[in-house]
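In the two complexes that follow, subunit A is the common piece, with subunit B as its partner first and subunit C second.
Right, the complex of A and B next:
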């Protein structure tokens, strides 16, 4: 793409500490340690069952709609904002998708882009409220969480809408059958193209979204602007970045991804529930933060979020395969998440050491926020 | 933060309703004289509209109340699963001096004091579906989750005459319906060679049920029958099994039997579930009790509603019976 321009810009930004922050770092093995340990635990306890393509596909497929939300949330978090509305937006989009299919018999290739548009529109409102009205993103998106859920419930009259629609002959309608390809368990896409069994769309979609947004963040000028806005909005503004545009854009993209996750979620459950996606925003934020995103802004990568999502879902999978009791699962999940975050970020431990050292008055100044 | 927001909202609602009270008093007074021929005013406090079962209950109640011209149902209030909200909504009905208060309590303990308040104010109280910790009410109407669990257990015994392996998808573990549906089932299958090989919480939802079912199949557990505490989880488990190509060798039992296109009765009709058990809404019985009260008669203190097993043979008929979408 604009590679010469990019390198020129990167060279310009070569203030040493800043470059480290601007370039998404995910090369070191360190950040994968949590995931590696969970894999090891899975293999050690349930080897053949765990490391089995079907099992891994099922585990990732179950989390994929939340994973896609996490990618959008990561963008917002890097700009030092938060998006609490993604679960509701996904729920709204899943209901919209199911109703388009059920009531209007629309084909998938119309439903998915329309849902993305709907999500993007909601996201745009989030962004506009945050940047133009200067409402804190926490409050703006908390309000949107409520608004979108209310609209979802009103639209559906609180009843779930099925996506397996039978025609007059008792067989699935053509559109309903192809809608299943979006994620109904056991329905793969690209059969014959990607191997004899094809691939499970939610997994493919999650990976593709990660790749596209990884490239967007790490290889484009827009991506660098996102980091700059989160790192220091004043400096970003002074250096000529249109901060308002960047903020509105990340919220719109986050909404668009929630809109994309909607139909996948509806296909997964073969139905859109008026409460679908309730609480998903927390899982999405957790995946981003476990993956190294900082709620203070300026830090985070899509690769990290991808790893964070895998940690969450594979941990759940390993515990489930080992039939750990439901109550202990909650305790273990929480503990391991803390453990994984600390393991992945040795700087946290070093920071703790520094703070202890500070008591003896020989601390180097904090390097966290250089303007 | 959320709690504060909720209570502020609750306070606003209460204020709005109390403000509306001035204008409503007329109609409520009219209701009092209504026992002599005018309108009999009913206030219904629902614990949470966002559950398909409760949505169906609301619709059916409106439908059955409308059959009697002298009954007037005020707009149904939705406590959105919040005790404080429901308490204030019940209190505002008391202030409006309704003739009959119907309550589906979110939880027994917090709703007990306002029910006693209504009772002391001389308002008839009908408890629908869930209980309160007081005897100071006119009538209780509800299903029996333990009995439904037992029926499901009997159906499992019938489906597996030589015994077999059962996997149980449980609702939220702390919820009373979950506890009763679990106990009834286990008591009924005892001594019939049926082994409950797996039991996991799937929190009433399809995505969770799909995930858990997939994990069971991955573990290689031999499963002959899946007993789910509601239809959504049963349908989800069926979807996961059919995705893995194992749906034909496993039977699925659900509970709720809602007459909606995406509900359990249709799933039985389509052969996805072996059977489901209607968890009765009690809406018709509540409307009839309200009518009896309006005529000065006393309804029964406690009505436990029987369940119906929905099988492929009777599914179409039962769907028609419970379907109120046509009005």
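Right, the complex of A and C next:
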């Protein structure tokens, strides 16, 4: 009764121990290859412009808010849920951040935690609706997508709020300047420690979030519980896991990360747009899926999502540099998602081939004898 | 069997490989019309692969299959259906959300000229088919509200609605209680009388003696013997199957003196019917350290519900007085139960116990992660690996390693992983629900040995089983349930009370109250305070309220008929 899937995985499991331990760190091997391919394509078409450090930094910076969302979404997807609201939550948080800065002149170290708290609160509602009211997470977060966007636009009166606030002397106020540090290149975090300009904060934030959540998922009891709940909720419950808590926690964490991405996104665009983050949830989900997460639950890693996000980032960048129109970029991005999923599950392709072959009445001779 | 006509089905020289595994080589199987051929073998011997080839699941195989002497290619389930071959899988292939009738006619719904489904005709035919199997079920009931035994018969009905000539049954009785097995066997005899050939896979030897005409034994993908059932013995079959004589399937040492006070004592356990399941009406029981107590009863008698109630699965819906290790115990959640030293081997290891896609290690340590914790709530993975390895070794789990997905192990080894998971929590009271269901005889004996060893070490065990020989062989005491009430208590030690034998257990298991009697006792019931819902009458029978009452009647009538026969 061994299915093809089982045996394919068995073969993988027999790979040498070292490789087996390292592979998960890079997500699946296929997505790693994909990353290299896209990188090569960038070098081949736009060599110097592409490899330019500023270009790469900007590319990652541009995507990092979505990357952070993708980490939260990965958590939710592993529990067999989905979070469609992250884009709207991020938009709400970016607007809230801009308004705190613009109207109340709050310092950045107050703004960021407050935004995370706001995001977490929204996320908690998602989780509560999903686990207590038993609303399917797709529906619950779809509703939240709409609710958060509506609140965002109502709060802002449908107008953008700038985050570059000039003081009476015509220069940026102190709080505005430090807020902008969240999203603009140049003199930034860890100045002198790593290069003369330090590290571009969005990149640092994305990497940091990935590391923290990778450790959370792979090293802690909570991480194990997340996988168990996604893999088999009944077994999880009968193993003494508080399934309700885990579900609420992952949605809350996902919301919290959206709240964290908000100020970064606002600083990056130097303003909060009422429609900021629109559609970001799809990029976030795509990154998780390219990274090997399964919407059926129980599968996925932060490392994979990290690679998935990088693939989407570089893809955006390479296509942009080559002046491919936005419309075609969307088509290509969608195709890459399908391609990535098929690559990760070669058995799907084999199965489809066999089914088609049988439908047309001929079994490929190669499959007659060997399995 | 000696007729000159070609056999109904002949499989010749069948071989099949999976990457890295030779599942079958040179296997022959012959089925004559009206014959029941038992297919026997340990898990992993290749029975399921052979039957999947017959059912057209595996498109690529070596060897030939002859139907009435004509070679037939079987490359898809559709091919199999065209040649009158139907298979009832171990894991039933039914859609829980659809009704009984819709399931029976799934994909072959009778339609009108306009293309709409003729629902009434479908339901009438379903009712007739089910009646032929002695099952009285409303055809519109959603399948998810049917019990496993009922689903099994629905699968049979589905096969019968096709013009089936060869019926393959893969462990049809693994989920059935003995009385239901008898009903199924009667159905099978009806089929063979009509010339249908049946291939019957089961691990229960005593069952094969009753139903099979001949038996084919597989071991490690090779045919090790073909015997007429009448000319063989259990001992011989076991030897053919495992390649060695099996000296003791039930290694329970003589009962110990249960001098210690009970580890668990329960008084008046009540549970309202949850989602159409059975309710419990005041059950008293005790389990002492070192004692193995069995729970017997038919499907739906409430055996699983007793275990689940104790384990906190139903939370506060389960009421009663519980004392655990001399302290009051209130089952609230499985997590709390585990902290209080309970562990549950659930009924369905795939659905309830294992995360199949995750590794053996992940599964084994899941309930006991706290033991490997740091103050940061991270997992000490070395310590975890060492503990898991220790358990896997102690249980002789056959696995390529700890990092293999649990879904890749055979049934018996999966069950051992479940046991390892329970034992890693170091339980004082082990609840086991069908601990040896659907696993091969070698693994079964090992699990029995383990139960005995745990009892010797002072663990209290409460075990549910549908196999009476297992209960009689392993338990110090057997409690019999019927319709959520205790109807009998039997002992291993004749000095302490009536001794358990199959007949007395079955009698007690079928000691149903008549419909007239039930409400009377419900009123008299002394334990029923205002807070406790009266049995049958109340309870938050969520959506099943109506369906429930409609079910009680016909089923009961049906059972009475049977016990009379």
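To be clear about the criterion, the second predicted complex is superposed on the first by the 299 of 371 C-alpha atoms of A that agree within 3 Å, B and C clash if a C-alpha of one lies under 4 Å from a C-alpha of the other, contacts with A are read in each partner's own complex, and residues count from 1 in each chain.
In this section, a residue touches a chain if its C-beta (ideal position, glycine included) is under 8 Å from a C-beta of that chain, and two chains touch if they have at least 3 such contacts.
Just so it is clear, the structure is predicted and the values come from calculations on it, not from any experiment.
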- Message: Tell me the contact category for A:49 with respect to subunit B and subunit C: first, second, both or neither.
- Response: first
- Message: If we overlay the two complexes on their shared chain A, which of subunit B and subunit C does A:298 touch? Say first, second, both or neither.
- Response: second
- Considering only touches as defined above, state whether A:238 meets subunit B (first), subunit C (second), both or neither. second
- Task: In the overlay, answer first, second, both or neither for which of subunit B and subunit C A:227 touches.
- Result: second
- Query: Of the partners subunit B and subunit C, which touch A:281 in the superposed model: first, second, both, neither?
  - Reply: neither
- Task: Answer with first, second, both or neither: which of subunit B and subunit C does A:219 touch in the superposed model?
- Result: second
- Those residues of subunit A which subunit B touches in one complex and subunit C touches in the other: none
- Message: Applying the document's contact rule, which stretches of subunit A touch subunit C when the two form their complex?
- Response: 1-2, 6-11, 13-14, 20, 215, 219-222, 224, 227-228, 231-232, 234-242, 298-299, 354, 358, 363, 367-371
- Within the complex, subunit A is touched by subunit B residues 49-52, 54-56, 173, 198, 200-201, 205-207, 210-212, 214-215, 218-220, 232, 235-236, 239-240, 242-245, 260-262, 270
- Note which residues of subunit A are touching subunit B in the complex, please. 46, 49-50, 52, 54-55, 58-59, 62, 153, 157-162, 166, 184-187, 265, 268-271, 273-276, 316-317, 320-321, 323, 326-327
- Query: Can you list the subunit C residues touching subunit A in their complex?
  - Reply: 16-21, 23, 48-49, 52, 59-60, 62, 75-76, 311, 313, 333-339, 344, 346, 351-358, 362, 365-367, 369-370, 373, 376-379, 381, 400-401, 403-405, 407-408, 421, 425
